[in-house]
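Next come two complexes built around chain A: one with chain B, the other with chain C.
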Partner chain A sequence: MPHRKVGFGLRSIGGAVVDGVWRLGYASRFFLMTLISSGASFRRIHLTIREIYFTGVMSLIIILVSGLFVGMVLGLQGYETLQKYGSESALGSLVALSLVRELGPVLAALLFASRAGSAITAEIGLMKATEQIAAMEMMAVDPISRVVAPRFWAGVISMPLLAAMFSAVGVFGGYLVGVVLIGVDEGSFWSQMQAAVDFRQDIVNGVIKSVVFGIAVTAIALFEGYDAPPTAEGVSHATTRTVVTSALAVLGLDFILTVFMFRGV
Partner chain B sequence: MERTTLDLWVGAFVVGGLIALLILAFKVGNLSGYDGSEIYQVYGEFDNIGGLKIKAPVKSSGVVVGRVSGIRFDNKSFQAQVEMRLSKNYQFPKDTSAAILTSGLLGEQYIGLEAGGDEKNLNNGDKFKLTQSAMVLEQLIGQFLFSKAADDGGDKKTDQGGNKKAVVQ
Partner chain C sequence: MPAENLVEISDLNFTYGKRPILKGINMKIPRGKLVAIMGLSGCGKTTTLRLIGGALKPTTGSVKVAGKEVGGMDPEDLYKMRRKMGMLFQFGALFTDLSVYENVAFQMREHTDLPETVIRDLVMMKLHAVGLRGAHKLMPSELSGGMARRVALARAIALDPMLMMYDEPFAGLDPISLSVIGNLIRHLNDALGATSIIVTHDIQESLKIVDYVYFMAEGVVVAEGSAEDIKASKLPYVHQFVWGEIDGPVSFHYPSPPYRNDLLLESAHAA
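Entry: the complex of A and B
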């Protein structure tokens, strides 16, 4: 019967919509609970420091190496295009502006999501699957303030630091290729960069972006882990969803923030 | 609570991040450009400012001595009023002239100051008496075509003298 198939299709669409709204509401409540019960992550700061080690320090290598290579590629590609217009002295400002405004915060957040966000989801999902979280609740230990909040604040603190290091190393990579390898004039490289990059407009806005991305990526990773079905398959799906959702969230948020920050005054 | 190697790593990580921020602020950005010296404001009225923007540099002999801090349209004189902030380290005579120039063929526009010979110096709130507007490409091409057409008309007549007359006509 065809009308049964149509009815089934409609039902599944409706079910997916209701399920999505349900999850969104649950995620908002989870986020608020994390914020409310984050007092302990500052009173017992060693919990947060431990998590900064696992999310921030352990992501350093991938962030620094990627930053260096992104900066070097920017130097090469920027030089290729700029020398057609005889303005290769603007290479410094091209590399620095694109890194500080966009590539630093966005790429660092994407790498952070795949390096640290997936680990957070898998860890919390497994803690739930092995009933460690239920055991904590039995012992009257609030798992949100003991497990979730320290990881959240560790992510929010690490992200801007990682993004700043990404941009700084990237500018150094652009310098290596542009000045040392190709031979763009060193003085004009730095002076054009300093003339083009504004502290308030570019650097502070880049830091604001990376803080927002840090909040988004860590909150998504924590929620996916906490919400994962307590099975091997459930944890693996949740980890995949973390990377996909946070990548989309970072890119979408980046567009919105850019619209508000750089409207071409 | 005791110190662990983990604390050392996290401390190094935070210090590294802050150093990166400082590098961005001082080496990449122009935060070090503010030498903290006092400033004074001067004004200039231009017929046409072209593509001049706020924060464009004000240069004298190629050295940056200040920045454009405001651009307004004056309803009475129908001219653009440009407000400039100059560093107090640089003093200019009262009859200094200001011109809107372009750095390179496609570069940004800036204000060039040409010092005059007056004994008194410009003070806070003073106005440049001599200003020169930005060059507009269309006007330049129009002038070129006009003089070219006039030249062609003159060449047909005869010698240099005839040429000059044609231009005058």
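Entry: the complex of A and C
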């Protein structure tokens, strides 16, 4: 019966849309509650500092090593292309602009989602599965205020710092390959970079991007953990969803932000 | 003068989606008493406990704690009431990122402005009461199941609650830990002047310590009385449960179609 199949298909699509909208509404409410309950994260700053250590400091190694390699690859690939036009002296500006505008915030956010985002989701999901969240509620302590908000602000604070370090180490990687290994003139490498990179246009926009990515990745990780079914399978799926959704959100937001920031430059 | 009963449940119905979980429950928990809610897994015991703690709202009926309707409370009043409650979860639910000491101090830090020296003395007193003062530096991952349950008990009594709730406190414990936890529950109830509710299906241990028992099956209270009354009960549900009989009103088999159908014997014959 074709009309039955069509009806079934339409119902499935309708159901999926309704579920999606409901989940989006639930996530927005959760995000709003997190913002409203954020007072304690600053009044009791030690809670937030502790989370900055776990999300930010513990992500440093992967961020620094990745940044160094990305900068080195940029140096190599950039030199290969620029020398065809006799512009190898512009290597410094290519490396710096690529990192500060795009690669730094985006790759740092993707690494942050896989390292810290997945850890946040798994931790909160397991706290729920082992009834720690329920225990907190029974002790008249709001888990959003005590558990979620400090982690949220730790993520938002850590992300731009990590992106800045990624870019700085990446520039150093480009310098190592371009100047030390290949022999591009050191003076032109740094002076071209200094001339090309604009503080307002490049650095500030890069920082804005990384703050937005930090908000998106941390909010997704927290929501997925808090919403995870309290089973091993539920936590596993939530962790996967955090990484996938965060990656898509970062790339999508990057496009939107780039359209507004660098249009016509 | 405070009412005689700390908890009063009247005509309580609770439905999860379209599935009725509790059907017309009535209970009275007198002050100072240790009352058990017993029954098979899935009979609605833990749901009743969650309704008393305000984690769920009744579909119809009333749950009153200290004369106040729990279902109608706003979050602020609910949190105020919960400060006078303690709950021991089935597997302790200790905060795994905090040490034993910090777990017990958690509520004191959250709800009081006590100086650190006073908090330290109080934590040590609570841990001494459960015999684990020497373990205050350990992390939850370093504790055995019985020790974790005792630390959770110390944490639950941190603010001297008027009502203690225990969700399956005996689950998965060795015989020694079982007796230790059982004795602690009775002793702490009497020493603190608290009222306690134990949700359990452990017959042997709980009947030794409780004052009164409500026996639930399929969402209703089917029997109530003292431990002796429950042991002597001739009601089929209670009898099967107390004596651990394999068959009775609670069938061994989950409802299923005729065995022949599932073994495909009919279709094999036809072929």
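The rule is short, and it goes like this: the second predicted complex is superposed on the first by the 258 of 265 C-alpha atoms of A that agree within 3 Å, B and C clash if a C-alpha of one lies under 4 Å from a C-alpha of the other, contacts with A are read in each partner's own complex, and residues count from 1 in each chain.
By our rule, contacts are C-beta pairs under 8 Å (C-beta built on N, C-alpha and C of every residue); 3 or more make two chains touch, one makes a residue touch a chain.
Only a predicted model underlies this, so the values are computations on that prediction, with no experimental measurement involved.
J.: Hey, is it chain B or chain C that touches more of chain A?
T.: Counted on chain A, the partner with more touching residues turns out to be B.
J.: Pick one for A:137: touches chain B only (first), chain C only (second), both, or neither.
T.: Only chain C; A:137 stays clear of chain B.
J.: Looking at A:219 after the superposition, I want to know if it touches chain B, chain C, both of them or none. Which is it: first, second, both, neither?
T.: A:219 sits against neither chain B nor chain C.
J.: Could you say whether A:197 touches chain B, chain C, both of them, or neither, answering first, second, both or neither?
T.: After superposing on A, A:197 lies in contact with chain B but is clear of chain C.
J.: Examine A:156 and indicate which partner it touches, taking first as chain B and second as chain C; both and neither are also allowed.
T.: Once the two structures are laid over each other on A, A:156 reaches no partner at all.
J.: A:243 in the overlay: touching chain B, chain C, both, or neither? Say first, second, both or neither.
T.: A:243: touches no partner chain.
J.: Classify the contacts of A:96 with the two partner chains as first (chain B alone), second (chain C alone), both, or neither.
T.: first
J.: Tell me, which parts of chain C touch chain A in their complex?
T.: Touch residues, chain C against chain A: 53, 55, 78-80, 82-83, 85, 87, 89-91, 93-96, 106-107, 110-111.
J.: Help me check something: in the complex, which residues belonging to chain A touch chain C?
T.: Going through chain A, the ones touching chain C are 127, 130-132, 134-142, 146.
J.: If you look only at chain A, which of its residues touch chain B in the complex?
T.: It comes out as residues 46, 49-50, 52-53, 56-57, 60, 85, 87, 96, 100, 158, 160-162, 164-165, 167-169, 171, 190, 193-195, 197-199, 202-203, 206-207, 265.
J.: Where on chain B does chain A make contact in their complex?
T.: 1, 6-7, 9-10, 12-14, 16-21, 23-25, 27-33, 54-55, 57, 104, 106
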